[in-house]
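Note that chain A is present in both complexes that follow, paired respectively with chain B and with chain C.
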Partner chain A sequence: MRRHLNTIYVTSENAWLRKDGANIVVEVDGQERGRAPLHMIGGVVCFGRPGASPALMAACADAGIALSFLTPNGKFLARMEGLRTGNVLLRRTQYRMADDPARAVPIVRGIVTAKAANQRTVLRRALRDHGDRMEAAARATIETAEARLVHIARRAAAAQDVATLRGHEGEAALVYFGAFDAMIQGDRTAFSFRGRSRRPPLDRVNALLSFLYAMLGHDCRSALESVGFDPQVGFLHADRPGRASLSLDLMEELRPVLADRQALTLINRGQLKARDFAIDEGGAVSLTEDGRKAVLVAWQDRKKRDLRHPFLGETMPMGLVPHVQALLLSRHVRGDLDGYPPFIWK
Partner chain B sequence: MQPPPPDPAVEDALVPVSALQHYLFCPRQCALIHVERIWAEDGATAEGRILHERVDGGRPDRRQGVRTVRGIALRSLAHGLTGKADAVEFRERGAAPYPVEYKRGRPKSHRADEVQLCAQAICLEEMFGQAVPEGALFYAQTKKRLIVTFDEALRALTLQVAADVRTMIAETHTPPPRFGPGCKHCSLADQCRPTRLEKPPCVQRWLTAQLDD
Partner chain C sequence: MLVTYDVNTQDAEGRRRLRRVARACLDYGQRVQNSVFECEVDPAQWTRLRAHLLAEINQSKDSLRFYRLGADGKRRIEHVGASPVIDLDGPLLF
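Up next, the complex of A and B:
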């Protein structure tokens, strides 16, 4: 497992990244704004239009650091990755397994089961943290949803085909997002949630979730690529050109833990305000530059927090979880494990 | 006359000399590196690399009548080996090439270092058409040269390990971990996860158990 290395997020549109010795230097308008030794960095994520020097690109490729370019809202544009990633044996088995239901179903089963179980944990933690301050109706909504998610997780753990599992996944999403609004405390006028909207996000909560999912998707993709998988061929998500289906698969079980919980914390602690979001004429909501910065700082901090990994039984920073899960999936594909142990959070 | 170029299939199947050493240390480590191409650099391997860069980098030098050539490419088509020698000494005209391998640390109880040196000797014999009876390991920590005689037993062990590694790579098989004292010094321990994967539980049963409160 690699150490938990920092990701550099470059949010200034006109930034320029270059190499200076063994350091990466970020410049804005010819002024140095930051520098860091390359060996401390796991990835560089640029929002907007920053440029990077070929010398820096070569150094990143050599050190196994991925350079990614995203739109300001976190939509993936391009990524530069060195030669080191990619293991043809692993990929070939990955493709074979994706084509073979007997081998794909158990993996999907684990992912869907863990997702429902983790959604349930988010609800449970909301009750634990805010239960006594909640209105009775909100508490009842959460309690009912929690109980239903337990059943969905149990049924998912026994399901025999991908279509059934997709059904369970959809049902869990309805139940969970049906109770999501009840978990929101704080500024209720600015933050209310009436179900998922993605293209585009139609309220502030959705805008925040979308942005966090984009960050998580990025981390999952890096993790999968660094153990040698092809992130485009998934088990739960069908192949579609341009879609990183395996990253989406891995994200499923991690969304509630790493992203949803983070969104609730940011809102409930008042770390984000209404003015951190912009609403365009068509009703699409997105984070402002300041809002994005606040989210990224919180995201980085959260990744440093320790948790206990359920399968390995070790304490590790949250930021390593996508890497550990990618590794465990690769060990299953290579035959060390008789199944894929998903990440179950309690 | 130039010899004909080797058969590409034979060249493809050459086993890196370094793999023999990895295999003797731990067959799984060897597979992770040479089959799965998992790469990990921790302090220990980085230090080793820097040491090698230094010994590789030098030009031939001459000292007390000994000419030392650094970083020569090695190959044996007969035994399917390829690699690079830290240093080969040529003591006088017509004398056998004398391989010297630099090692971090101190002499070890397993024979990995001797096997690596012997594999180099086997390559040198084929390349120079001359018997190579002896070489030396230089240990940085003790600053001592350990003379290694390439006797029948060491040669047999070397060829056996080479055959085992070749089979493992051809079958693209990764053996399960065996947790041992070596794991503490293994730069791939984080990817290998020897404690958890040595006797892993049945995952489906583990998953079901996770759902109970």
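Up next, the complex of A and C:
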């Protein structure tokens, strides 16, 4: 049986990775923080700018350990890899799976079902947090949307082809964004939502959502790259030049959890004000420099918050969820897992 | 696998053996106490580690003890007191 190899995540500032015998040693400010034998490690993911000694890089290359470097925000920078990793095999399998509906549909089904379920959780949490302060109409809108999302998730879980699933996904988005405005409790004159608008976003809520989706997109792409996938070949999203379809696939189930909920928190707590946005003559809305900073600080904080992963049953920072999902997807593509377990938020 | 050893360090040669035995164990596992190592190894790695250790020691002065913990070794171990050990199969975040 294939051994489950662990991944080391280095998030500390001033970290330095070195080799000692056959161990990977992580030092922070000259102090040893941890060590692990090379044979137990499958990958090292470094956030920020930790250094690694050439001896360690050589040892990782030799042992088939992928060493990835990401910015503190999670944007993919570089990956150092040896000769023996099964990357080409993983990518080949990924392409074949994407072309084979019998194998792609179960993955897409999981993604769409999980997305609808997570959207429903966002609605439920809004009711739990603000339900008693809401106007009756807003409450009713959310409750109706929640009930409809349950049905959509149920139908998606039984769908047999990708086109049907895309339909369910669209319907879920329509229902969910139809109720999104009702969840906004903060400054109602500045923040109101009348449906998704992109390229350019036409109101503040859309501008905020677009920015958060971009951040999440980076994280998902980095996660996929560090596992060894080709982020451009997706299962749910069709190939299009320049589009990271697989990142978009991976994002779907995580959008409500990581981005939408974050946007609502920022607005409802008043952490973002009308003046954090700029509106140009064409009506396009974007975040100002200060607004962007406020969002990024909140985003990084949120990624440090712990949650319990429903499939692994382990507590981990939210920011690791894209990496864990990418890893689980690669295990499925490689044949180590019978199915892809999508992330369902509880 | 649990590896423990007792190396006679009365002379410089013994201290050299001690260092080399410790380093071999560290390459394959984790030091949980002085001269006690937990090594998660597959059979091939174990054969290599064992041969390596046997070649290092002086059998008339030193001793090695190997404990096979088996597949559910984790559940057979209880740790009490200081210097907690990292679970190398758990999330590794530094």
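Everything that follows uses one rule, which is that the second predicted complex is superposed on the first by the 260 of 346 C-alpha atoms of A that agree within 3 Å, B and C clash if a C-alpha of one lies under 4 Å from a C-alpha of the other, contacts with A are read in each partner's own complex, and residues count from 1 in each chain.
Criterion: a contact is a pair of C-beta atoms (placed from the backbone, for glycine too) under 8 Å apart; a residue touches a chain by one contact, two chains touch by 3 or more.
Just so it is clear, the model here is predicted, and its values are computed rather than measured.
*Asks:* Which partner does A:Arg96 contact after superposing on A: first (chain B), second (chain C), both, neither?
*Replies:* After superposition on chain A, A:Arg96 lies in contact with neither partner.
*Asks:* Quick one: is A:Arg49 in contact with chain B, with chain C, with both, or with neither? Answer first, second, both or neither.
*Replies:* neither
*Asks:* After lining up the shared chain so the two structures overlap, which partner does A:Arg240 touch, if you call chain B first and chain C second: first, second, both or neither?
*Replies:* Neither partner.
*Asks:* Please indicate which partner A:Arg275 is in contact with in the superposed arrangement: first for chain B, second for chain C, both, or neither.
*Replies:* Once the two structures are laid over each other on A, A:Arg275 reaches no partner at all.
*Asks:* Kindly classify A:Arg308 by the partners it touches after superposition: chain B alone (first), chain C alone (second), both, or neither?
*Replies:* A:Arg308 sits against neither chain B nor chain C.
*Asks:* I'd like to know which partner A:Arg194 touches here: chain B for first, chain C for second, both or neither.
*Replies:* Touch partners of A:Arg194: none, neither chain B nor chain C.
*Asks:* Looking at the complex, which residues from chain A come into contact with chain B?
*Replies:* 1-2, 64, 84, 87, 89-90, 106, 109-110, 113-114, 117, 150, 153-154, 157, 228, 310-313, 327, 331-332, 334-342, 344, 346
*Asks:* Could you list, by residue number, the parts of chain C that touch chain A in their complex?
*Replies:* Going through chain C, the ones touching chain A are 23, 26-30, 39-42, 45, 86, 88-94.
*Asks:* Mind listing the chain A positions that touch chain C in their complex?
*Replies:* 3-4, 6-12, 15, 20-23, 26, 28, 33-37, 39-41, 314, 316-317, 320
*Asks:* Touching residues of chain B toward chain A in the complex: what are they?
*Replies:* 35-39, 172, 174, 176-177, 190-191, 193, 196-197, 200, 202-204, 206-208, 210-211
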